[in-house]
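You will see two complexes here that share subunit A, one where it goes with subunit B and one where it goes with subunit C.
Our next item is the complex of A and B:
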């Protein structure tokens, strides 16, 4: 009697180990493919994939405040721009900093700005935060255009370092690190639970002893530091920055859209959204020579996603579907006038 | 920096410049009131910040341009038609926003915000594709020349814009405070659940308010387009100004909107003349930021708790 059971158990174990081995094999293969991109992909595709890495990281950063903390930031371009300007300014010939040393400076500056802006606004409803961050980004854009040391509207040039492989690996490393750090912090730590608790029911979270304002500010700072690092790498990559290109609303728009289309509050959603939309963006550029029609397309896409696919592209996977079914069976109280 | 004249009594030219700036600011402020009053009410009734507010202004301005260049009629004469067009668009859009806002999504307010963001992005992208980046102005034969009063030179155009704004806002306020439907609107803005219990059809009211707001804002767009040049990218800037007014006014405070709108016009004019136009948004942000720290319920402290 025990023999067939043992056999069945062994069969299950066998199947499990083969599927595990298969997964491991696939992961190794994927890692090899990703790590050798500059060797086989050619310059154009390497650049495209560098862009995908960057936007995946940026969308991820936006997702921390937008998806996990539940506050929409319309000013994330500010942090990207702060990082870009920190790197560009410190790498000017007269200062001559090493590139790697400029990244922490930009990150620290972005963190400080995020803390100052977040402190009064994250206590209020989400709409106020959205407005304040947007106004902050627009104000910074104007400031960068009028003050002298940023080079005004003509921008700054950075000593050229022409190696697409270097920038591919830099962006890849930054993206992987960002994902690892935010995954550990948001999905595998107490901090993540606090952030999500504050998002889902602030009053209850507070009554459980969570300092919700503090947690939200921490999340905002985290989501500001990452774009600053990418901004720095990007500035060095494209070697020329001006206020429009690094502080403009388009940068924020892309982050919002990619996170939203990929899947808000989901660990892998932003990467998926970034890969899909950056590809589409480049394709539109190739077809029409500009991206104005891309902007229009993205707008429609966002509206459609909100109406018909609120959990984004990730919700199309079979596993997410099962989860949704489970969630649908658990009744959720309908909030009439939600405070957010 | 303010022009550092000699210490002591300022020259009369400075005084008249100051008053000129003040009047110009007040006149433009009237238009900001028109934009923001509907916006604030839509915010109160739908509980959604409409990020498309600036795009309604932009589209309104371009409809004004189209009236002149396609149909060869004066855009000021067809303002009521423009109102109807935009109210119609609002009527079509509002049920969708309402549906998202009252959906069983995990975060309906956030998703509704994202939805209007998508609409705004679509409007901007579509107009950029259609007309490009070139600035346009709304041509009108209604108000030409300047009005000279007490040594001040005021363009008739601004006076006319202000007049239209006052009339539109006045009509809107009469509707709000002296009709039964207006009462239902105010009740809905205060408390949706109780308004519903008293027999108010919240969905119908929301749709109505959104339509009125879209119409008002589109009309104000025509007027703004006749005073300032507009491009297809102008939307976000006006959205920011509308937000500024609403934050300063305090959510749901109609009186606050009247004060804050005029204040914004004056502030903008003063900054432009005495500091430089490129610092406007910086100053706007600084004021916004301070208001949120000091008094999130608005400068008159009449808004709802934020």
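Our next item is the complex of A and C:
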């Protein structure tokens, strides 16, 4: 290598190492800010950010089945509610379970329900799957309302543990784990390739040896387990649950809208959508005293996203892939190879 | 051992007999062409062999194993790869990711290196990071064929793999087919391009109305009365 080429090479290396050092510095600074929120943000903002973490994790979980697998579930409140009720029931004074032990119980129950419900319903597509999952959540809501052990419509009260910092860190950890699961399993592993292949062209995926039925059920179970964990943490946080608050359609609606607005099928887009929408929601509550205007705004926002920003907020970044999954939510009917 | 053995396979859709008692065998390292007019049952036959439709009757054996009515993913894992008449692409994944996906049930560790080799072999390296949905029709055919290369299958079914493809890309595909054939792979090829069939197929099966009406070397087939009738129609009678 000649002297000028060597100098140019060193300059490039210098620029690269400076850029890497800057990124590492920013990452460390961001981590310190995030990890010390309860120390400097005050109780109100800590609770707001706890909510952001929860909805970010829920939107990321919904994105596994909605974005990566291409199945629009309107029943994810069921899994959130299962986790909430598992924690609430097991922490009743007569059972006195440790909070931490209730979370895996809720997750396992949600996984079992998702596997049983997913096996027949994942053979449906588009609106049919959406209706079937909505019906599942509605059935669970009605069941929780009429049976005694859930406290019926009166709900359940959970022993109070009044530490905003604890719930902030619990939600933060769960949200980070949700992102890690999404990223590692859906973006970096062969499982993610299978899920996305089944989404884009199921017949072709099967022709390459992929058992799409199994893969879709696995994705559905994975996307159900995470909301159950959040449901458990949320129940302990808010100390009182009833069927409408944890199994209501509004819970699912939020997950769907946040994923759509943030970026369907993107690794971190739904978390961005959750942060933006939850922040706006709380601000509207502060300004107007209720969130009716927020609901109206969300309706307009979804329409605008579908029409003008089909890849959601992430597509504002020039590096984002333009998949436009939101426009492919209603697939064409297929028979055999789908090409007859 | 015979690679593919199809015996008296039948399939009807409603009252239409799409495949009506078809029998043939494919031996190792053969390239067998299947020709016939549109609607003659060629693609349905591929769907039956690859498990996308269950036959109403008959048996299908792959290297001696009965695969009749097995699901497509099991048949693929048994060593069979195929392309589709309309290319089946994962349009929201990049070209490179499409290739990698073809290896998820095989050698995953070596897949990235093989994907790079296939990108180079098919001359689609420039679009490796583009979404598959943005490719031209010819590039989509190349990519679909590239996935077949990634699958490492022993029997490969190609359904009009060069249809609508630029002559330069067509030559790339044909060179790859010949290369794989020399390595010992077996092919069954549906084609309307008679020049292509003549140049690569050692044996040709002619289908019409769901039945095999002729079978043999291309030169003999080209003179066969059934073939002429199937493609050109019967002479007018007075």
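Methods note: the second predicted complex is superposed on the first by the 319 of 340 C-alpha atoms of A that agree within 3 Å, B and C clash if a C-alpha of one lies under 4 Å from a C-alpha of the other, contacts with A are read in each partner's own complex, and residues count from 1 in each chain.
Definition applied: a residue touches a chain if its C-beta (ideal position, glycine included) is under 8 Å from a C-beta of that chain, and two chains touch if they have at least 3 such contacts.
From a predicted model like this one, the values you see are computed outputs, not experimental measurements.
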item: Broader residue contact with subunit A after superposition on the shared chain, subunit B or subunit C; value: B
item: Which of subunit B and subunit C A:92 touches, first, second, both or neither; value: neither
item: Which superposed partner A:245 touches (first subunit B, second subunit C, both, neither); value: neither
item: Partner chain in contact with A:157 - subunit B first, subunit C second, else both or neither; value: neither
item: Which superposed partner A:207 touches (first subunit B, second subunit C, both, neither); value: second
item: Touching partner for A:193 - first (subunit B), second (subunit C), both, neither; value: second
item: Subunit B/subunit C common contact set on subunit A; value: 199-200, 265, 336-337, 340
item: Residue numbers on subunit B that touch subunit A, as the complex places them; value: 43, 47, 49, 51, 96, 99-100, 103-115, 117-126, 128-129, 191-193, 236-237, 240, 243-244, 247, 276, 278-282, 284-286, 288-289, 292-293, 296, 306
item: Residues on subunit C engaged by subunit A in the complex (per definition of touch); value: 43-44, 47, 50-53, 71-73, 76-77, 81-82, 84-86, 88-94, 97, 100-102, 104-106, 108, 131, 147, 151
item: Subunit C contact footprint on subunit A (complex, rising order); value: 190, 193-194, 196-197, 199-201, 203-212, 265, 321-323, 325, 328, 336-337, 339-340
item: Contact footprint of subunit B on subunit A as seen in their complex; value: 66, 70, 72, 74, 117, 120-121, 123-128, 130-132, 134-136, 138-139, 141-143, 145-146, 199-200, 249, 253, 256-257, 260, 264-265, 292-307, 310, 332, 334-338, 340
